[in-house]
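Each in structure tokens, the structures are laid out below.
Two complexes are shown next, each including chain A; its partner changes from chain B in the first to chain C in the second.
Now for the complex of A and B:
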């Protein structure tokens, strides 16, 4: 690997295990992610991709192991997890916008309530973000008045409003009708080009080729492949990866 | 016997405006007392109900057992009995409340149990993804309740809530057993004094003066909530 050794990784995961009852879902995962990397996570259904990404901000509680976010140990018992989560954005498969708030209010909520920004400040940022995701005319729409693709773009803007150091995506386009996938991927590609650090669970091969620098393949709770996107996709080292890629390509 | 169904006789007995002459003042002051009890009780029982629901959702086995006991107690006890215990019973422990306080305490105590159950099921009906999204943005649990779960639960339970609020207004009539002249008591006083039930009939119409605006208010809320769903 060609990591500059002087730069501290943005995320370091060491021996992460997750059990659901007796089921061993994540098996001692260890990996390191640096600033500006766009890491795609692929793998068959049930392999633990969602569980893995949800453990990073402890929406899912890891059973054991350590997660370091910069200098902070996310898994440290004395850390205030809410404070840590401010800097780790998350985008969900089903958008999870707040249905009782407008698009603008969805984006302004956390900056005003969590970061105690002024309403005026937060509104200015929120409008700029809506513009960035191409929805400046939807500020006062409620989620149910938006298409899936539009909702997901608002959800991305909502995460960006907290100015996160890293963004986690769990299959952000898999709940969308095919004609809406592109508009969401375009936003993600532009974020990647701007240098945003991202971990993206996705099987969108075009996005991976276009925007991601690295692919992890997760099978049965283990990372069986970790390398540059081209190499993993064109020339995987594992038979399981070949089978799996054969199905989705 | 045609006399029993004579329209004039019915009017004389139940809609006798002569009986009401000079008595409206007492009825309206009774109405005002009913409104005061109801407004305080509605606000307090809704707030307490919300607290109960969150305690139920976040509590441990001990608080849960306690709160289930509380709910079952309210289900099993006639509200008049509860009022008698508070107003006539507690003074034996040197705990004394005014009639107004006793009425409010009992109504709030009983209705908060039901409202708490309603809020609990409302919050449980909200997709877990809503909490996860809120917490992934850095909201604390308390903030998640305050800004995400409770506002959505309100919209879900509004029809139930509106029933409870109506029930509270009706339950203010238990005050007739106390030295407190709310609407029904005022009507009873006049009816006894005039030996004619017309004031009681008029009091039912005056209850509508409160219930109709309340219904309009909750319908407006529901329409607004529907828009924001």
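Now for the complex of A and C:
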């Protein structure tokens, strides 16, 4: 193992297909993501971006294809998917915080119930994470008492509490009021700078320029463009990419 | 800050006063109609509220009361436990199990309580299962009412946003733990009001036990009725039922308030 090149991919997706009944949503996607990469996924609505990212931790069940997370096959029938998901964090468009728990309890739930951490331990970590996302004073607030931007920052802290090796973001800022987008992006940029591997479905061009190293463009369930962010944005090779970027820039 | 706090307390007091006041007003109206409206209630009192005739007989109700409490407790427990389990099983969307559960619900929702009690008590011995009469009543009520509680739990579980399940999954929380810590706490506020109604229904349906000879409250009251020639024992027993049900109502409204503390709506 030690003889292998250092760059062992953290995620490798091979021939991923997804059908909703007769609708072919993802068409044999193949891609590889390395540790420390921040990959943005762009594409027109309905192109399968969310479905793709939700297939990675099998929140959405792929119809066929293989997904490898390090050495583990996520799509392996015998693997315990819950155990694999602990290491794959996910942040949702609508935050999906647990409304009956405070911000602190939201962050503590999975570490205490899944990793069986002690309450004191989990609380210490949770408070540190709240501080990291700038919400240490909101520990005892319920989600309903927080703004959208604050909720999303708590949601990021919640997934960080499981110490994930990779973070998936499914349009993390598209449900936010414009003035709250920045506070969430700032947290994401700082994560990227700390070397977190991230896959981000987003059209936030500033974030992509600032923090992401690579862009995938998904159109009609196919990856039509895959390259360094600057290149894809400044000088796309595919006509569909040009049209699409023309609309959002 | 102080000012805001005072305002909140006083508006809560105002609501409490309005709530308590309307209860008192209703009871006052009933009492007025019964005793002060000039109607001649003497015959009614003679028949229904003749407590003199009951003197020295109250102790007769002690053991039936305990029996009713026992049947109620176990029936409520099992109806809730079975209902919750079946709702959770349904949530796995196994077509075979779902079919069985649906059949169970259709069957037990359509059997009259009295028929089932008789069936369980008199026919189960043929298959080698001999239940004492009290237990056969508990079994019958549990079967009957779990059909209702299953649907109550199921609709509660369904009322929780799918995104909550996804979020729990993405954190590696398994499905039973997700049910316990994420789904049910949120479903509770939808579940509690109809569940309370069913539990109260169970308490009152225990009176059906008389058909298999269980000496419960209503049976004893009817016997006494014949002896003393007045319907008063039935009224008295109704009062006992009220006393049994009251704590259930209070407990459930507390629980409901608690389950809503995180939400404005």
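The rule we apply is simple: the second predicted complex is superposed on the first by the 243 of 249 C-alpha atoms of A that agree within 3 Å, B and C clash if a C-alpha of one lies under 4 Å from a C-alpha of the other, contacts with A are read in each partner's own complex, and residues count from 1 in each chain.
Quick note on the criterion: a contact is a pair of C-beta atoms (placed from the backbone, for glycine too) under 8 Å apart; a residue touches a chain by one contact, two chains touch by 3 or more.
Since we're looking at a predicted model, the values are computed, not measured.
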item	value
Fit or clash - chain C, chain B, common chain A	clash
Partner chain(s) touched by A:59 [first = chain B, second = chain C, both, neither]	both
First, second, both or neither for A:85, with chain B first and chain C second	both
Chain B versus chain C as contact partner of A:194, first or second or both or neither	neither
Partner chain in contact with A:144 - chain B first, chain C second, else both or neither	both
Colliding region between chain B and chain C, picked from 1-9, 19-27 or 199-207 after the shared-chain fit	199-207
Residues on chain A lying within both footprints (that of chain B and that of chain C)	57, 59, 82-83, 85-86, 88-90, 92, 94, 96-101, 109-110, 113-114, 142, 144, 155, 158-159, 162
List of chain A residues in touch with chain B within their complex	57, 59, 82-83, 85-86, 88-90, 92, 94, 96-101, 109-110, 113-115, 142, 144, 155, 158-159, 162
Chain B - residues contacting chain A, complex	127, 129-130, 132-140, 143, 147-148, 151-152, 155, 225, 227-229
Residues of chain C that touch chain A when the two form their complex	161, 163-164, 166-174, 177, 181-182, 185-186, 259, 262-264
Chain C contact footprint on chain A (complex, rising order)	54, 57, 59, 82-90, 92, 94, 96-101, 109-110, 113-114, 142, 144, 155, 158-159, 162, 168
